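Next come two complexes, and both contain chain A; in the first it sits with chain B, in the second with chain C.
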Partner chain A sequence: MLAGDSSLIPIAGATDVLVHWPGNLEAKTRSYLDLSGLGELRSMQWADDTFTIGALTTYWDVICNEQCAQAFPLLINAARQVGSVQIQSRGTWAGNIINASPAADGVPVLMAYDATVVMQSCEGIEEIPLDEFYFGYKQMRRRTDQLVVAIRMPRRAHDVEIFEKVGARRAQAISKIGLAITHSQDGWRIVASAVAPTILRCKAIETLLEEGSPVRSPDDLMAAIAKDVSPIDDIRSSRLYRERVLARILYHDLKGIVPSFV
Partner chain B sequence: MRRLEGISKLTGQMQYVDDIHVEGCLWGMTVRSPSPRGRIREIRFGNAVDWSQCVVVDHRDIPGPNEVFLIERDQPVLASDYTRHIHEPVVLIAHESREVCRAAVADVQVIVDEEPAALEYRVLPKPEEVQRGNDNVLKTLKIEKGDVEGALANAAHVVEGVYETGAQEHVYIETQGMIAWVEDGVVITKGSMQCPYYVVNALKHALAREESGVRVIQAPTGGGFGGKEDYPSHLALHAALLALKANRPVKMIYERSEDMAATTKRHPSRVRHRSGFDAQGKLVAQDIDVAIDGGAYVTLSPVVLSRGIIHAGGPYACEHVRINGRTVLTNSVPYGAFRGFGAPQTLFALERHMDVCALAMDMDPVELRRINLIRDGQTTATGQVINDGTDRAAILDKAASLIGLKSKCDEHASFNATHPYLRRGTGIAVFFHGAGFTGSGEVALKSRVRIAGLPDGRVEVLTSSTEMGQGALTVFTTLAADRLGLEPKDIIVAEPDTARVPNSGPTVASRTAMVVGRLVERACDDLQQRVGLDDGARGDVVRDAIAMWHRNNEGKALYGEAIYEKPPGINWDDTNYTGDAYGTFAWAAYAAEVEIDLRTFSARVTDFVAVQEIGSVINETLARGQIQGGVVQGIGWALLEECVQERGAMKNCQLTNYIIPTSDDVPPIRVVFLENPYEYGAQGAKGIGELPMDGPGPAIANAIAQAIGVSADVLPLTPERLMTMMDSAHV
Partner chain C sequence: MSDVNTMQIEFTLNGTPTKVDVAPMDRLLDTLRYALGLTGSKEGCGEGECGACTVYLDGVPVNACLVPTFQVRGCHVETIESIPHESLDAMLTSGATQCGACTPGVVMTACWLNRHPELSKTHSVRELMAGNLCRCTGYDGIIDGIECEQRTKSSTL
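Entry: the complex of A and B
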């Protein structure tokens, strides 16, 4: 169907579509493709070296999964920070990726776990690393005939796993800043949300960590942060606040873990 | 006694106005001004909808004066050729389909030749922004006692400060809603409201009708907090105009974003303090300047200002006081009533200022307050002699010791010295809140309550006071049952329907239990007299006497009645603003413990204590709920709730971006009642509803100031604002 009609919008939990539904006249002129009948897409598969979640897997599915809590604890941390329990039980991880909000809560932890996006179309299957998936605000490498069917993560041993969400209150808030940090033998992954047009890896910070450059205060991170992110002043917060708080969280959370943070 | 309507609310059985099905009803919606100020040149109707199927109302359809009846009549029902704020109603549209009605509203363009808008109440307007007098000031008020300049000149210490608070949205769970229809020539409106007779007056005036030609019914109301004091008059007029033109019932229900954008908010304020103290820290002079943003029309701002300045001096004894107040016109959506009605703003300034003074004089903040607290025989700023026997120092000490103001001091100091990024502190505020209408307001209202004795011996309480979640229904039932010795099941509280209930005044100003409740008791006494009993008769004797009366007077109605009478010795001079501003005050001390995360600059309240003397407690569960709810609303105002303004309108008019506290943002709230019965309140009660809004702001700000040494002189103390304050404090 997607191949035949490029204007069709696949929807799963519809938690983003419905927020502004009553007053959004334009949203009502579009056509939606309800995926809820595709039960096989609601799945979690454990292979020796990968963990794959089907595109209709909800936050709540992951919260309830004990193996997930052991192997990918940040998924649980992030899922619990998404909206309310009602949203958690309808919203899907794949939907979070495709809605492409720069403030998404699910995407940073997926990216910090090196997730890939598995898409299927009549042409076949394509798998794209999540950190290469976005190329601008709400711009992503998905053709309209492709449907996201799964999200795949490599199974690795991590010695650092941190997720921080800074919202305007302690629950049911939209991120002002999000940060996911992992470290494994494959190196550092520092992923930030709500500080750029897309969620992204902070490569300059990662380099700074790999190189072990000394960091004596949050201010020492500002130059690298300025290279990595480009936050804006908006209705929820300010550019200055986002840059400084990102630096402060990074500094305080890594101090004591990373020897170069003194 | 349990809340009477609690189960039906919990189970969703209660029918709010949006739940009420009306046969043949149209949906009504509003086309609003896109501009803060200017001449309306043209209204363009597009071709996206079939206009022949729509009912369209503009100012020319108003039968009477195009004025919303309130203190002044400067606000039009619908803007005609001129608009003074964004979202001002211009055209009304009704249609059978809610969807089509939405599309129709979007299809109308209001073209305005814009003129320079005044958007800043804190500075004098530029000449081209002046729209009222020569300075846009809507109202000034002044309190003066003694010789302020002389006392300041001789003071050992003079401490100055400037304090600001922002607007606040009510966020009642149920948005504004109204149904209007015409029945036997009578215009009937039923909806969510606090003050049915305000709506009656507004309908009479603009529809040019006699009182018999209008009828107003309060539907179950999902919260008001002042937001449904004056605004339902507008919505009732709009719905009625559409219903009259359509000759069909019309329902208007605001969506959340429209409600947040277009209806009233708490007045933003700026208060300047200049306080003089003697060498021992005794307050010798208070020079206070209060400015509030009124928005585009007068609405209730003069009375908000009045309550604000009367509370501005606080619960302290001071012989030389000058308080200047003004409310200023801006081209913003008009501000209106909100729980506390001006007092939270001025009490925030005062109580934050007291901590600033204590720091400046190197005194303990509790000690500074204790030595200055008003004692029996001393007078407030308006010269009202306080003589109620309340031990105000005990209230202060209780709150201070429960929160651990002293005991936690060392613990916090060592925690703050060692933790990498968390900082803790405690703060306190002591305050008072006058119950009932200000000054001679209650006398002017002449509130009236009736108690009907029914043929089966039960009684019915008839008032226009509304249940909006605060517990009025349960309290009235308790009062009547206790007074007559009847079971609660023998008491019916009438639906506020102006065709049946007398005008017992608006449901505002913490007056319902205390003032109207007292009238319920007196009307019960009157009923007993009418059936030949004395005041002491109780239970079966009363029931039997009522039933007997009906057997002897078949077909007749039996009413006991009471009309407000001023308590003896209460005198108010409205010209000089001196005398007894309120029949009585409730007294309180609130204390907060906070924790600030210096990674994110966010403050969290970790413990809260609310100690108050409110006369007698009628229903402890309800009273505790009122206090805790008010504290939560106060925490929101202090830390989270910021109305982001753009051209005088709220930009963040969604609940995703206007942040109110969740249960996770609220600490345990420990509530303590100290009782000291008030002779002229029902069962000895004083007003309680607004009181808890006054204390959290300053207590939390003081705690934050103590923890991280910032000025904390502006609310809300959002993380972004705290970051800026910390920068300027060089912490």
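Entry: the complex of A and C
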């Protein structure tokens, strides 16, 4: 169906599309493709080297999964900070990716675990690393005939796993700044949200960590942060606040873990 | 009467098999209130923040304002009308209600977590209740009511 009509919008839990629905006249002119009948997409599959979640898997599905809590604790940590139980029970990880909010909470932790987006079309299956999936605000490498069917993560041993969310209050808040950090034998992954048009890896910070450059205060991170992110002033926060707080969280999270942070 | 812009949905509502004609993107909240006459579920914010429209979908709390009705076909939906009156006793005793706008949703989430004591191993009551906003009493009365109910239950086991 997607191949025949490029205007169709696939919907899963509908928690984004139905917000303020009665007055959203523009949204009512669009056509939607309901995925909720595709039960096989609500799944979690463990292979020796990968963990794959189907596109209809909800936050609550993951929160309730004990194996996930052991192997991918940041997924649980972030999922519990998405909205409330009422949202966690409907919202899906794939929907979080495709809604493409720069302030999404699920995307940073997926990206910090090197997730890939698995898409299917009549042409076949394509798998794109999540950290290469976005190329601008709400712009992503999904053709309109492709459906996201799964998200896949490599199973690795991590010795650092951190997720931070800064919001106006602890519950039910959209992030002012989000940060996911992992470290494994494949290196550092520093992923920031709400500080750029897309959620992204902070490559300059990652390089600084790999090289072991000494960091004596949050100020020592500002040059790298300026290379990585481009926050804006908006209703939730300011550019200056976002840059400063990102530096402070990074510094205080990594001090005591990374020898070069003194 | 049927026309091309309606579809018939079958689901189980408060234990009763139910058929209803809806427009394709009707919200479950509107279907419950205006097509089926169950006005206990309230609309507060219409954006999934306040939780006044909380119902159970296959046993788990959801915001009925964010569920397209067609997605509940074949499912079990339970509303505040299905909750036994005695479930409210602890909330009344602890002064957990004032204006009442949030109360149906608060009671739905409260009853759900009282039915699932296993959740207390991983979640606090406050975290599980985070999706129900109250602008009158504050939350202490609500939390007291839930914890009182939990103590009563565990002492009678």
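Going forward, the second predicted complex is superposed on the first by the 262 of 262 C-alpha atoms of A that agree within 3 Å, B and C clash if a C-alpha of one lies under 4 Å from a C-alpha of the other, contacts with A are read in each partner's own complex, and residues count from 1 in each chain.
The definition used in the following text is that a residue touches a chain if its C-beta (ideal position, glycine included) is under 8 Å from a C-beta of that chain, and two chains touch if they have at least 3 such contacts.
Treat the numbers as computed from the prediction; the structure is a model and nothing was measured.
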*Now for A:166: first (chain B), second (chain C), both, or neither, which partner does it touch?*
first
*A:22 contacts which: chain B (first), chain C (second), both, neither?*
both
*First (chain B), second (chain C), both or neither: which does A:80 touch?*
second
_Under the stated touch criterion, which partner chain does A:89 make contact with: chain B (first), chain C (second), both, or neither?_
second
*Look at A:32 in the shared chain and tell me whether it touches chain B only, chain C only, both, or neither; answer first, second, both or neither.*
second
*Quick one: classify A:248 as touching chain B (first), chain C (second), both or neither.*
first
*Residue by residue on chain A, keep only those touching chain B in one complex and chain C in the other, then list them.*
19, 22, 170-172
*Please name which positions on chain A make contact with chain B in the complex.*
19, 22-23, 25, 166, 168-174, 235-238, 240-241, 244-245, 248-249, 252-253, 255
*Would you tell me which residues of chain C are touching chain A in their complex?*
24-25, 27, 46-49, 51, 54, 57, 60-63, 65-68, 70-71, 109, 123, 127-128, 130-133
*Which chain B residues qualify as touching chain A in the complex?*
102-103, 106, 255, 257, 420-421, 598-602, 604, 640, 644, 651-652, 656-657, 659, 661-665, 718-720, 723
*chain A to chain C touching residues, read off their complex*: 11, 13-15, 18-22, 28, 32, 34, 36, 60, 80, 83-87, 89-90, 170-172
